[in-house]
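Okay, structure first, notes after.
Think of it as A, B, C and D in the order they're written, each chain with its own count starting at 1.
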Amino acid sequence: MALLDVSDITVRFGGIVALDGLSFDIDEGQICGLIGPNGAGKTTMFNVLSRVYHADEGTVDFDGHDLLAVPAHGIAKIGVARTFQNLALWPGMTVLENVMVGAHTHSKQNFLSAALRIGTRADERRLKARAWEILAELDLTDMAHHPAAGLPFGTLKRVELARALAAEPRLLLLDEPANGLTHSEVESLGELISNLRDTHSLTVLLVEHHMALVMSVSEKVVVMNFGAKIAEGTPSEIQQHPEVIEAYLGSGA
Amino acid sequence: MSEALLHVSDLEAAYGAVKVLHGIDFTVNVGDISVVLGANGAGKTTTLRAICGQVHTSGSIAFHGAEIIHEATADIVRRGIAHVPQGRGTFPELSVTDNLEAGAFVRKDSEINDDIEKWLEIFPVLGERRGQLAGSLSGGEQQMLAVARAMMSRPRLLLLDEPSLGLAPIIIEDLFGRLAAINADEGMTMLIVEQNANLALAVASHAYVLEAGTIAISGEPEVLSGDEAVRRAYLGY
Amino acid sequence: MFLLAVSIDTDPELLLARVLDGLRFGSGYGALALALVMIYKATGVLNFAQGELALLGIYIAWAFSVGWGWPIIVAVILAIFITATLAAGIERTIIRPFDPSNHLPLVIVTLGLFLAINSFVAVTWTTDLKALPSMFPSGNVFAVGVAHLTWSGLGMFITVFAMLGAVTLLLNRTKIGLAFRAVSSNIESAELVGIKVGQTLQFGWALAAAIGTLAGALLVPELQVLDPNVMLSTLVFAFAGAALGGLDSPKGAVIGGILVGLIRNVVVQSVSFIPSELSVGAAVFVILLVLLVKPSGLFGSSKVVRV
Amino acid sequence: MKRSKRCLGLIATALAFTLIAASCGDDGGEASTATTAAPATTADAGTTTAAPTTTEAAPVSDGTFDLGGGAVLDTNECPSGWDDTQGLTDDEIRIGISLPESGALAGFGTIAEGMQIFFDNADPIDGRSVTIVSRDDGYESGRTVTNVGEMIDTENIFAFSHILGSPNNLAVRDTLNEECIPQLYNATGLPNWGDPSNFPWTIGQLLNYSTESLIWCDYFASEFGEGTTVAALYANNDFGKSYQKFFEQCAPELGLEILATELHDPNADTVQPEVTTLAASGADIFVVGTTGASCPRAVGGARGVGWGATIMVSSTCQNIGLFWGPLHSQAAGAAHGIQIISTTKDIGDPRWADDPWVMKVRSELEAAGIDPDAGAQQTGYAFAEQLDHVLREAAANGGLGRANVMQASWQQNWEAQNALPGSTIQTDGANDAYIVEAGEISMLNLPPDAEAGSWVAVTGELIDVEGDLGSFAG
């Protein structure tokens, strides 16, 4: 049964239609690849799901919640987390601190208890322990105390993934996680994503241009162009799809 | 047979206390496309930034016979090196034509406007958007603009840092085709850092593999494609 | 005392008088806001010392005109050159050594400059009140009741828009203007096309100081008397104008400044439930309301980046 | 020359109730005991009954001193180790003062020098000379606190006198009252210093801003008549509101009509928005209850929009060179004819050229190498007359001692040479807690073609509201 059901989403910026009646769904536990040319609207779709952009039409159902009724700061609470194409980390904070910020969604603190400093210490300890676990899982322990600024791009993408995981999401939105990685590094990233899906009971929506990664980990692929869906199917179906080859993959694929 | 344009020897570089390059040596010949492969964090980007004077370095960088290692970036550009940095590096708040005009900043000749028209013809998609702000272009268009902007300085050496980053496969294919054409038509020497090793090696005349701040393997593309370890790590077959 | 009910003065002569006051003072705020925007565009830093650089220029102009008896226009032009040169020196010696991408230390440096210049002016010229002559003829273009359009008010308004036109031409039609826009947009890429970033920012500081000095020389005669605190609240209004217009838009700065003048003189004075004794706070509050609706200001670019 | 106070009975009654309201409303009844006596006695001040003379007030044997009007100074509450005669040596009376000798108000730093010149030329008091110990506070109240603390600890100070500045005096008032050290003749016009019931060790001297607004009322009503219209600008702070509070009470009582009132942000760069609004009222009189640069800005702004009202400015804006010269060079003639209240003999005024006091000031300052027409030494010299008087009164009635000096201060009745002829200095504890309560109206003579201006008397009549304000009680 579908965990995420996107139906007829339309987004307009001024005169430009960025998303044009887009519909697709993802079953619980599935890894779904979202591909398409630059400017097709993939990141716009992510921004609708993480409530950065307002959808002019359509609905998004997440596990029975009307996702479009949840405010941007509330989506982590109901179990949606994302990474960003061009990174959204705090450069001056260490890797560990960046990940702890992600874990804060599940802190028991509210405004009042934080103001009164009730239970802060215990809470902080719990967050820190959780962050260390995730760093170990993603092989980031060595650079835990290194500031984010100055780390290689590929490593920072992994820190972002760790931060998203720390929020203990059910749906994980990954925006171009393979950027800056060599072929063999991309292979291990693919294995990592599959493993994380199993160990953390995740459902994953993956935007990526690295076709080897998309085709190897996805159970299902959605292809967009000009804000609309042009194809949907298994990786092998998509690789044969003439329209997809013409608009996106090109002859070399 | 061929003349060395860039000769790098014993190059070391560090960000603060973290040493990234541990003494590398290589040469780029006139008219070559040289490609640098390497894992995440191996020092590829740092190598390009070092050539442009954007990081603290020691060792020697000879460009056309002149030592440039302690020169300021703006002066290195005047000597004829153009760099397309990772993540495109355009001026998002400037129009397409203003970006190209800025690319010609170091030039004083009267052919700047002709050159702008020439590059808008070579990249027709930019020609259609000449008045548009660079920030509103799609990723592929921005990458084209970054290359054209770099070419506007009429460089003798073009440095490209992961030009395929974030681009759709079909666009990457197109871009590399155009780079090969620029190399052939203009005789432009290039040093390219690239993760898409298959495509890069297809256009390259020489290639290097950087591992943990040192050059592990170098040679003709065929030499690298013949290497078992290189194949597994970078080519995927 | 104010009533907690909305009532608006409707006397047309008074309304006209307030509009004219608002345009007059607003032109001065807009001119100073233009100086702020130049530095902000180039560096992303709000220069808290901008008002004090203008203050220094005003006192230099005062020394030339009142002290030495030179014509005020000559005095102002000399003051503009002196402050521009000084600002270029300040950029080279105490701004450039700092990492341009780390804004906090730079803001603190400008705060330090603010205090240093203010003390220098107070020590050099004392805190006694002075008067700076106007560059425009005295008298009115017309007067109806309390409403007066003075020649100086008209002159200020025209000068500010002429200044805006000159800055726009400079930015869009000259090589240094292109370099300035390139540095504002992306410092690293600017270096990579061979632009000397330091010299370009130095030019920005000098230009901003020149604009600020002219702004002060326009505004201060309208304030009747001059003391070393004169630019403090003026700077607050200029900041508000720049924020209202959009911090990175020269046109927005000038129009924002004029709107702040109108808000202060017309809206705050006319609407009874806004306590006018909080003129600074009330004007800033009205602006906050505008920014709540349009955070990038009226003419600011909200950065649209497609990927 | 003293004119009849035909309006003041009305004011007195009004104010008596005002003061009760102020004390109950503002301070939760803290001072209610002090003000219960106020109605009867303030009303009395409307008649010409003289206040009790100092000779009747003697120290009471149990350590308490009756200051008048129910206010009592109780030395039993002083800290253990307190000494009534500390700071008195065999040949010296040591007086402390904290002043701005640096910073924006550094010009006032020479007040201490002028005071010392006065005492150097005076006869010994009870066989002792007076030594003025001065410290620089740069007009920062934090430094005033430090200065006063250090002087108490290391300088053997008998009393403090003429500390300058409202915030500076407020900052040390609690400490000096707890330590039972006299804080005499604060050089500021805040009405708060007339509060012997709560702060018996603190007394002011200058014409205070509330009293000043009463004199305005009386002058406007008698000179311009009933139905005269007024528009007023006040600084939005304690200073401006001291004017506003009392002017708004006395004006309707005397048939003046306030058409418009504006408060302005004291830190604003211009008061034009407020002045334009006031000018549109077309009132006959423009009251300028503000100071600093806002003073000339208000006048210039009013004349700039063609408002021909009679302008009355705060007494704090008296200095012609400081305030009106700059306005004159900006808008020649704009300040010509503005009016102000003067309370003392201006030593530069030709009227007093033959006055014995003025001649004495001039000759003694000149003998000390000081130009009497420049600098603040002449101000300090004039201040010293008041201090000298109470020290002598105390010495003659019960002997020099801190408590006795305070009692002499709260029980005065004499005529100062420095004051305008006809005005008397009277205090009676909580019944009458203010020293200078009379003044005359002066007008600025600074026509468009003039090089320099001067204040000239308008009528030469003294307006005296002696005793009308009672005490601060709030």
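Note that in this section a residue touches a chain if its C-beta (ideal position, glycine included) is under 8 Å from a C-beta of that chain, and two chains touch if they have at least 3 such contacts.
All values reported here derive from a predicted model rather than from experimental measurement.
If chain C is disregarded, contacts among the remaining chains split them into A, B | D. In this view the innermost chain, defined by its CA centroid being closest to the centroid of all protein CA atoms, is C. Distance between chain centres (mean CA atoms), chain A to chain C: 45 Å. Centre-to-centre separation between chain C and chain D, using Cα means, comes to 41 Å. Separating the centre of chain A from that of chain B, both taken as means of CA atoms, is a distance of 30 Å. Note: centroid distance chain B to chain D, computed from Cα atoms, is 79 Å.
Residues of chain C found to touch two or more other chains are 304, 306-307.
Along chain A, residues 38-39, 85-86 each make contact with two or more other chains.
Shared interface positions of chain B, defined as residues touching 2 or more other chains, are 138-139, 166.
Touching chain B in their complex are the following residues of chain C: 175, 178-179, 181-182, 184-186, 188-197, 301, 303-307.
Per the touch definition, chain D reaches chain C in the complex via residues 104, 236, 261-265, 267-270, 272-274, 276-277, 279-280, 292-293, 296-297, 300-301, 304-307, 321-323, 326-327, 329-331.
Remark: chain B residues 15-16, 18, 37-41, 45, 86-87, 138-141, 162, 165-174, 195, 197, 199, 232-236 touch chain A in the complex. By the touch criterion stated above, chain C contacts chain D in their complex at residues 1, 9, 11, 13-14, 17-18, 21, 25, 66, 122, 127-133, 138, 143, 145-148, 150, 221-227, 229-234, 237, 264-265, 268-269, 275-281. Those residues of chain B lying in contact with chain C across their complex are 52, 54, 72-74, 77-78, 82-83, 85, 89-94, 98, 101-106, 135-139, 149-150, 152-153, 166.
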